[in-house]
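One chain, subunit A, appears in both complexes that follow, with subunit B as partner in the first and subunit C in the second.
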Partner chain A sequence: MTARERTYLGVPVSKPRAAFFEFTSCEGCQLQLLNNEATLLDFLSLLTIVNFREAMTEASDEYDIAFVEGSITRDDEAKQLKAIRGRAKTLVAVGSCACFGGVNQLKNRFNDLAWVKEQVYGSHAIDTREAVPLSAIVPVDLSIYGCPIKKEEVERVVTNLVLGKSIDYPRYPVCMECKANHNVCLFDLGEPCLGPVTRAGCDSWCPSNRFGCWGCRGPAEAANVRQLRQIMHEHGFSDEQLLDRLECFGGFADYVTELKRAAKE
Partner chain B sequence: MLFRVFAKDHLINLYDILAVNHIVGPLCKGLDRQGAPLYDFDFIYDFAELQLDYTATIHSLKRFVLPPRETLCTFDLQKDGWRKQVDFNAYKPTVYFGLHACDINALNKLDKVLTGNVYPDPYYAAKRKNMFIIGVGCTPQPFCFCKSMGTDSVLHGFDLFLTDLGDAYFAEIHSARAFAFINSLECREPRQSEHQRFVEVAQERKSRFTCQVDTTDLTKILDLEFQAEVWRDWGRKCLSCGTCANVCPTCYCYGIEENVDLGLQHAGKTRHLYSCNLIDFAQVAGGHNFRPESHDRLKYRYYHKHRGFVEAFEESLCVGCGRCGQSCLASITVPEVIASVRGEGGDHA
Partner chain C sequence: MKVSCNIKVNHLSRVEGHGNIRIRIKDGEVLEAGWDVVETPRFFEAMLVGKLWENAPWICGRICGICSIGHTLASIRAVENAFGITPDRQTERLRLLLKHMETLQSHILHLYFLAAPDFLQLGSVLPLIASHPEVVQRATRLKLLANDACDIIGGRRLHPTRTVVGGFTMLPEKSQLAQLKARLEAALPDLTKTAELFQTFTLPDFVREAEFVSLKGKNQYPFIGGELVSSDGVVRAEDDYLQMTNEYMVDHSTSKWSRLSRQSLATGALARLNNNFALLYPGAREIAAVFGLQPVNHNPFMNNIAQLVECVQVVMDSIAITSELLAGSWQKPRQPVVPKAGRGVGAVEVPRGILYHAYEFDQAGRITRADCIIPTSQNNANIHYDLIELARQSAARQKPDAEIQRLAEMLVRAYDPCISCSVH
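Our next item is the complex of A and B:
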């Protein structure tokens, strides 16, 4: 069956025009999309891709869905993002940088941004500002979490988008998936983990490989960070160790502020 | 019931006879921070892996009869409709070698819900009917409260139950299949002195349970204390992570998800075990959430286990294995929660 005849239960399915963009990021999330060769052709045949710098040369400015990776760290990026928002019916934030600022937002912790620029760029200063998620600049319709994103989740989101089905994410923490994978709890093995407060959907990717969660998908909908702090203490981990993880991807920004206040007391 | 006695070094012969099937049993999965072994049930490929003197496993046996994720059916989508395939995902008989009484009791309780009603669950039943269960006497742990729940011994739901008499195994035989297997070992009927020894071992085990839950009038007390402040205290600790339900041998709540493959030619229906502690457990169509507060969700978990189920089946849905409390990072344990609701026990929150 050719892509043009694509139907679902006999009903023709439209192929939305999709464009992929990146701002401040490693472009690893877009690479993830191209990574799963087994399903790549099916994935590409669901969409009419009109702009994907990492995968094709042609480019067009007419699209329905914009998948945007990366955080916004320069004024020209903000301007470009607004233009994309203006053209796209649906704007999807792809990955931790786009959703929360990602690893890039770690620089926001420094009070003196001029000093940071000097340290990083020396005399070749680049006009950057604080790293912010897409939602700080424009309204975002959908978020695909993770650093990197999970291809299976993107495929599910895109399939549901194309079929007009509702799109839902796990609201519970990673522990749920970690237990489903029959893992031994990393706290029992002496390793800190943000699994109890981080949104699931990754299929406990890191903990299943005996690597404690760093919270790349941001907080679960009922994230009891206060209790996790106590658990970390009971297992011999410091507030600094907890903060290191919570601050890493930017998803826990509100909790970090509260925790820093509590840690001072 | 029939009884036999056989020398302990013949156990490997029983294993070998049964090894033409899949064998699941307790094995050591690693060491914790204190160097203590961490046990779990898994497929056994060598008799030497089998740790019959295990303390307790992290997870229950549930994943073998009620997997956390299970494909219920798949669909081939065609132009004019669809073709449905159903697979109960039970392919081979499996021997469960070395279950404690609490875990066998847990299966018996699950049976009441999943096979005992008007609409039996065929996925569960298919796996359940393909089990050969060998129980073993346990070593009471400081967190086990099965004695309080009446599940420290088991009367049915197994093929064979082994009690260690020191130099021999005392075997309770509960099925014709088990009788056939045991007779192919070198065994004999127990002597009077061994009857005595069997009772002594059971008594001695009973005396070593230290953890208790007072279940007197518990259903009434739970109703009386519905608004008790202690629920909020526990709710503040709860991580809403679902770990308790995942490790529980009797939690069976699930959700069903339908997914269409990328190629739009196939679709599937998947069952996911869920937990009443998860934020959206009581969220209904239209978006209303009946239990947005974690203390409410935690409370209803206890109400289902210790009140609702008791009213429906004259028994609790808890077997007192203590896994939930052991796995809970926030240290929420059944004995402490119930004591606090009864107005006993002091500083819990």
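Our next item is the complex of A and C:
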């Protein structure tokens, strides 16, 4: 879509003012947006970018849509997020860090921040708190899942948002996409995979590269982790390996608690 | 008139992560100047404790979105070194090719999108889309080539899926490699044009002597593993990386700092080039010569040019690697992994400098201790002392405030810092 054609069904479409922010993250999700060379310019033409610190110096506090990457791990971040929420009409959580806490929440599992700090910084004082998703601090209007996000999905979500169309996500698991891609199932190749319980939408990104899914997009509707546990056991994988995958990105937090309890029994 | 100014840049733009510059000059005297890192720490080294070995590369790639491939490869190397696995030639070649393409992607992103706007007195690359479309198209063409290459070798352009301990989960199609080779050959003229563009820029004239730390190449320009070297003559084995980094904490930074023989050290493209100049392809050395870049160069702004030279280097080497791979037949992509107790170190040159991952394992292959030392954390002290010296020289030359701020921002950007990575 070029600047000239910015209409939908003959109706001119307004260009919302968009701002990008990042909290505790690897900034990879933002990079995914810049990484989409083939369609980057078309994508940019949908929005008026007023704030994108990683790419530009100019900045403005007036925006309609805030795209927020990263999880919240310090009080100043929580405060800043609330201010962003106050200004934006629509707040979009971008990537697993923002949606679930992402890999950052792996430090929470020790339930011992003092030990965590000491491991990395020794006796030097350092400020941090449990890593939480954006939704733990402010209401979130839209979530774009993935670690990293899939650029095609961002473009679809953003286009629908700008055009005022409804935004829906697949409810079925990654396995459906994997089968449609005619992949050999990794379990048959001797590799564990979280595809049966993970929300689709990534086009089975990892299994299509012969690497098992680690559940970065969180649970599919009616995810049956108990059944997956059985499949894992049948193929010789341990609860520990299942747990490693379930707890990696934070999307399966409830299931992790349940599995930890079950594994003890 | 003597210079007085109070410069504060909070959350410097066009760098990865969050850092602040402060410079206070009164009547020509520098009262304070410095570089503060305010990024929130993520505690990767703690996260890994208790995890099985197979988690390490997958989790550690997430230290950095820009150099996730480098982190993944350093992590894999550390695990393989601990378990006594030596990659075969095919794996070694494919990893290097993947690494090269990340270097190209990152350097092009930095040169065109982050650094060039400074030289053109612009706030971002966006105005160039209308005024100089061919420049933006060239930049995106080069970046796209590098990213596509990462997709076909690593599975995706960031947080790769095919790179595992022992090798690769699957291999690219030969036809994809042949296509890549053709695109690499076509990229060389684009790089010549890039050099012509940078020749129209004036690099600030600033020198502060530094100690440069990098891998030490034997018979090729080094990127993955090997001895460590400094321009002050220190040479250490990969396993002894701690003797090169000597980390310590300062109050105004959430990132650790490093030093070796001096107050601070520098790592990155300029360091690699200063320490391994003779190992560059002649074509890459020619580009260096155009800019008068020869070892040991102590102008940190020259890091931009060193990145440009490395773009040529990695494209030329990638052509050689693809030719070699195309000439042979595919061997099996991965070897079996048997965990054992012990320690392993992986040193890898990522776009911003030398990166170390080190892990200790118990018998089951569970991580008992992890350590990751990031290029930008090694550079932070050097950036800080450079800023002080830049403030001093600018005050002496009676530069206007706006000019001092511009130079200070450009100086930090020249290091292409990856701040969230440095506070991992």
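By definition in this document, the second predicted complex is superposed on the first by the 259 of 265 C-alpha atoms of A that agree within 3 Å, B and C clash if a C-alpha of one lies under 4 Å from a C-alpha of the other, contacts with A are read in each partner's own complex, and residues count from 1 in each chain.
What we mean here is this: a residue touches a chain if its C-beta (ideal position, glycine included) is under 8 Å from a C-beta of that chain, and two chains touch if they have at least 3 such contacts.
Remember, predicted model here, so these are calculated numbers, not experimental data.
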Combined model on subunit A: subunit C and subunit B, fit or clash: fit
Where the C-alpha centre of subunit A sits as vertex, the angle toward subunit B and subunit C in the overlay (nearest 10 degrees): 110
Subunit B versus subunit C as contact partner of A:Ala180, first or second or both or neither: first
Touching partner for A:His124 - first (subunit B), second (subunit C), both, neither: second
Partner chain in contact with A:Phe23 - subunit B first, subunit C second, else both or neither: second
Touched partner set for A:Gly164, first subunit B, second subunit C, both or neither: neither
Touching partner for A:Leu34 - first (subunit B), second (subunit C), both, neither: second
Touching partner for A:Arg156 - first (subunit B), second (subunit C), both, neither: first
Partner touching more residues of subunit A, whether subunit B or subunit C: C
Least C-alpha distance (whole Å) that remains between subunit C and subunit B when both complexes are overlaid: 12
Subunit B and subunit C contact sites that coincide on subunit A, given as residue numbers: none
Of subunit A, residues touching subunit B in the complex: 6-10, 13, 39, 42-43, 45-46, 155-156, 158-160, 163, 165, 171-173, 175-176, 179-180, 182, 184-185, 187-190, 195-197, 220-222, 224, 226-228, 230-231
Touching residues on subunit A, where the partner in the complex is subunit C: 22-32, 34-35, 37-38, 40-41, 44, 49, 52-59, 73-74, 77, 102-104, 106-107, 110, 115-117, 119-122, 124, 126, 128, 131, 147-148, 205-206, 209-211, 214, 240-241, 244, 248
Subunit A partner contacts - residues on subunit C that touch it in the complex: 11, 13-17, 40-47, 49, 51-52, 54-55, 58-59, 62-66, 68, 109, 113-114, 117, 123-126, 129, 140-141, 143-144, 147, 155-159, 161-162, 164, 169-170, 249, 254, 420-421
Subunit A partner contacts - residues on subunit B that touch it in the complex: 29-30, 32-33, 38, 40, 58-59, 63, 68-69, 77-82, 236-243, 246-247, 259-264, 273, 275, 278-280, 294, 327, 329-330
